[in-house]
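Common to both upcoming complexes is chain A, partnered first by chain B, then by chain C.
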Partner chain A sequence: MSDLAIAAPLRAVQRLPGVAVVLVLLIALFGAIAPGFLSAANLSNVLVQSTILTMLALPMTLIIMTEGIDLSMGAVLTLTSLCVAIVSLATKSMLLGLGAAVLVGTAFGLANGLLVAIAKIPPFVATLATLGMAQGLSLIVSDGQSVVGIPHSVRDVYSAQLLGIPVPILMGVASYGLFHALLYHTRFGTYVFALGGNRDALRYAGLSPTRLLIAVYAIGGLMAGVAGLLMTARMNSGHPTAGLGMEFDAIAAVAVGGTSFERGNGWLLGTLLGVLAVGVLRNGLNLISLPSSVQVASVGVLVIAAMFLDGLRSRA
Partner chain B sequence: MTDIAKNAPSPAWSLLSHNAAQLFYRLLAALLICIVLSVLSDAFLSLGNILNVLRQASLTFFIASGLTLVVLTAGLDLSVGANVALSACLAGTVIHQTGSPTLGILAGLLTGGTVGLMNGVMVTAMRIPSFIATYGMLWVLNGVTYWYMAGETIHGFPAGFRQIGSGYFLGLPIPVYLLLVFLAIGTAFAQRTVWGQEIYAIGANPVAARLSGIPVNCRLLLVYTVSGTMAGLASIIFLSRLNSAEADIGESLTLPAIAAVLIGGTSLFGGVGTIFGTFVGALILTLVLNGMNLLSINANWQPLVTGIIVIIAVWLDMRTRRSAP
Partner chain C sequence: MSDGAASAAASSAPLLELRGISKSFPGVKALDDVSFAIHPGEVHMLLGENGAGKSSLMKILCGAYTADAGEFYYKGENVTLSSTAEAQALGIAVIFQEFSLVPFLDIAQNIFLGREPKGRIPGTIDRRRILADAKRVLDGIGFDIDPKVVVDTLGVAQQQMVEIAKAISQNARILVMDEPTAALSDREVELLFALIARLKADGVAIVYISHRMAEVFAIGDRITVLRDGRRIDQVRPAEVTPDQLVRMMVGRNVDMTYPRRFAEQPGELVLQVKGLSAATGISDIDIEVRQGEIVGLCGLVGSGRTEVARAIFGADPVTTGEIIFDGKPITGEPDVAARRGIALIPESRKSEGLALLRSVGDNLVVAALKKLFPSRLYDPRGAQRTAEGLIRQLRIATPSARQMVGLLSGGNQQKVVIGKWLAAGARLFIFDEPTRGIDIGAKSEIFALIDRLVAEGAAALMISSEQIEICHVCDRAYVMRDGRIAGHLARSELTEENIVRLGMHHE
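Here is the complex of A and B:
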């Protein structure tokens, strides 16, 4: 490729936050072709449906910033969602269900962290293995069946409103606030940037990259636990394939959001916009009656395109 | 292992004996599993079960052998399972529409190879990290396959075609012959051809490989295309054995294939490993899963056990490699 010919458009692309363009284009597209897309009810629906993904994509951003990945997140979400269903069914308590889910999720996150940071197994293989383990456990605890008849207190989490705002949206906003504060306003956040950008500097400063890395993966598992409550509440049941592929949507949101897979650059707001882009894409395709298989394929194309552009930018 | 390394007379010799020892330990592990299983279950040593293990292992091996070449270049192909599903569905459709198994087989191989080639283009020309590119491809393929099948199942194929997966020749299942053929071809290609050695060189040090004049991108394209084509071949065997094709048949295939490669001693960091090792890996994994079956452990435990085996295999491999020369 001749450098001169592509330099100018590339610089233009670099200046614009790509994800904002993608989001606006998607909204304009579906606003034009999908009947009812721009209605207030549908837009609020997109937001509510995006909360589970938000809670996965935020920690995924941190993990990817450390040059890692967590392929197990969807399977762990399935498992924690089943935990909520089974425990709340047995104890009639939503909080005990949430507690069990957070415990199991964090345990998986810790396991991922230990495998990556201490056993030094490449993240995508370590988390692919824990994906298999979480999937297996989901099948075992549910015996391959749906868990139904869970208490209303769980379902109410998804449908309740506070000050006229749906509770899931509040949970999504709170998660974003917490992660924003964590990444940009604490020392931990600065260390996370260093984990991906300059790990040696951390070591010279006397910090343990190992422990930080474990913490980052553990946070991912913890959030999958909390998201498990929303998942069960949304479906009003636990299902052994509920979270199938959710990790891919999360990775897609992070990739579209402009977080780099190689240089430790993370952009949390970009991830949030990326979540909305994935949510709008799925909702819009749904409204024009395309089957979910087409949605899955388009998210796949979205990721490949985003990675390609990310590569182009890093070389420009 | 460290003892062998310490007593070795020269680095070249110690490296050789290290790899030989690695293979020896794996064969020993396979033998040990056999002994344990024959004690625990009367059914294990029956001829029918042993042939069954070999047939199962050959299915895993077809997918894993192409994948081994990819891993040798320090890449990964996460799309193999989804590729098998799409190839099987398209091959099944072609057989039904034309009535010709030959055209169906060609369609399956072509689909698999094309998907592999697209993976290769993403990794080389578009410079996307291989695990992200093939992971994206996984979901694209899943989407396309589910959309194409729309919940339908294609079943009922000509008897001649079904022989490929379920027939016998001189008392051995036909897939076992295919396994021997591809084991020989794969080993000869990797160990005895210049291209094969170049693949090792790319995995060991891509920059050095490029500077010494190896056409790195051409070889990478080849490796991903071979991996895809082997998935296409596996899809034909699946199709002929199951006598039906559904959109979800590939979902449980990727992790076992990766497990076989890693148990077989191929390093995730490239440059180290053999096709024969992958065969032993496929055998060990199949033996474990077969044993769980015989001991009537619920099949739901299989992904959990496979995941644990992957972690143990990688961890052991990295430990021994660190202490090796």
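Here is the complex of A and C:
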């Protein structure tokens, strides 16, 4: 009987996806070695800091499910963040800043979608090209300088609380809820599975893979626009390298979360756990005073660790 | 009762009639004046060799191809059939061998893909209704499974059932099945046949493409035999014997003017395969090839011919058995086989056999670099001399050795692949469909080339779906069926009929 009692939880752990195991191990590790990691204030901080990545990793999951990728997301985030800073500085309006960012972000997303779906340029190359364009535009509009002196209404988005919960956390939760509903409860979400799984099935059903694919990339750009507001709010300025490397973290979170790069096998909750794993890792390393260079390298190790765990299970 | 219903229905007017359908592609007449009637409650078997026109006819039925000439009558009325939408409107559904299912959606979502019941909020799906509707369709075909199961976790037979459910849910009255039992176990075949009987009783018309003789007689109500894109005959199973059907399928008219000197006295044993099995689905393969011989390897597409070639070449791991080349066992990777003198000339020469963007010269010397330049230093002039020698020897039509290979004709590309292995000193050439995509004139040249190779002391193993080519070119042949050698035909027994008879299922 005692054997069973022990074996059952063990088996349950074995069935857990690699990302969940990794997340629990990371929390245990930093709880033990990083002073103050488990404090309520720090944990809330981890969640707040993970919001921007959540907003990028959710649409990235959809894009990767279509057997695509969006390398431009970090650079587009930089550009939309600058849009928020510049427009809100000029108009004193946070909402106009957000509007401009969403517009620019969606335009880049649409461009990615058109290049991939209509011009049939491989997603890796197409979004690498738009990455360059977004990065260059960022340097042009900012003249290579930080944009400072932006209105308080922008900064307040990051520090405000609603019912005692930081607004960024609420935005992250809302984003997850929306994407969950979109992927699992709408016709569009069903077709996203088919885009990666079997495009012919869509054609037989009289649906246009082209239009669906464009929409998926456009959503990615739109979310980079919304995330731009949070980025500017967080730094209280616009900076021409603000989003540098964010596409790396987003792709890593999706990979860690168990979404496959082929056959349309995506898992949104896994992506969320992947985002948290990346967030915990960076926060913990920060607390024990390791530089950001080590953090970037560690995220790479994290990806391999999660893949390895999933590989072990699928072989077992 | 169902028998009575079926024969009553069979005598009724056709549901869909095709009259004088023709379809051409550049260089081939895929269908030539084919007429074909589909009756409700009947299983119409479509029989023919590889390339007889079955797939083209199927694609026309589902609206993927548009016929060049001919008319369609639905319940006696003249209709057009030029798009998948029109085919669906007529109630025609095709179940392809590659399924049209999305792996990570559940059964219900797959059945109703693109036709999801709308939920209250715009864009959403009424989850409860889609599951209930799916359950009803699945019950209707007697498939007892939870519609929430993700398709990726299903076996091939179950996926096929989902595919059929999908077709039925679209009110399909004409179901076209392309070799539906190809990947099924005996028990699964029984289930499928039970379902077919059920659909027949409901008045569904079924067009059934098969390579298995037993099936033709087990479930067929009518048989149409195609050959070279023409309808040879339409018969009732009771009126014919399997042998008669085989005779109708073979006897293609192909202009084969190429004369071959057959090896009277084959030389030493070059290749000896003993009890070879591989995870790719071949088992217990015994093959011998001698110097000076061209040995055929035939059988239906999918019978394991290519897999045998790949296993011999070391491209797929061998599980049991032995491959002896030139008296010594050979194991390992393709580079070992290549170094020992085995050349594989793959079917898809464009993707596997050639670097299309490189020059003719580069392609000709690439496999022979070690032999030509033992010092490991590349000598461009030496390479060019070798390449030019081969171009002359093989009569490759190219302006120069510097021409890009991708710009040559199919026949000349094939010569470059052969030349590449000739330069490397290969002694056994394995050809996988060497004349695929090559025009008639160039075919004879390729055969002359293969003949010269073996006359000069090499040996050849030739895979081909063109029985007539095997009969004209080979000294003897092995016929495969379901991953095994079904029989061996000596030169005197080498006829198309014998090949087809061995390659088909009679059980």
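By definition in this document, the second predicted complex is superposed on the first by the 288 of 316 C-alpha atoms of A that agree within 3 Å, B and C clash if a C-alpha of one lies under 4 Å from a C-alpha of the other, contacts with A are read in each partner's own complex, and residues count from 1 in each chain.
Operating definition for what follows: a residue touches a chain if its C-beta (ideal position, glycine included) is under 8 Å from a C-beta of that chain, and two chains touch if they have at least 3 such contacts.
Values in this document were obtained by computation on a predicted structure and should not be read as measured data.
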First (chain B), second (chain C), both or neither touched by A:F193: second
Partner chain in contact with A:G206 - chain B first, chain C second, else both or neither: second
Partner chain(s) touched by A:F308 [first = chain B, second = chain C, both, neither]: first
Partner chain(s) touched by A:N265 [first = chain B, second = chain C, both, neither]: second
First (chain B), second (chain C), both or neither touched by A:G144: first
Which of chain B and chain C A:L96 touches, first, second, both or neither: neither
Of chain B and chain C, the chain that contacts the larger number of chain A residues: B
Touching partner for A:A20 - first (chain B), second (chain C), both, neither: neither
Contacts of A:H185 with chain B and chain C, given as first, second, both or neither: second
Touch list for chain C against partner chain A, complex: 84-85, 98-105, 109-110, 113-116, 119, 123-125, 127, 152
For the chain A and chain C complex, residues of the former touching the latter: 181, 185-188, 190, 193-194, 197-198, 200-207, 263-266
Touch list for chain A against partner chain B, complex: 69, 71, 115, 119-122, 124-126, 128-133, 135-137, 139-140, 143-144, 245, 248, 251, 255, 261-262, 291-301, 303-304, 307-308, 311, 315
Chain B - residues contacting chain A, complex: 76, 78, 122, 126-129, 131-133, 135-147, 150, 255, 258, 262, 268-269, 298, 300-308, 310-311, 314-315, 318
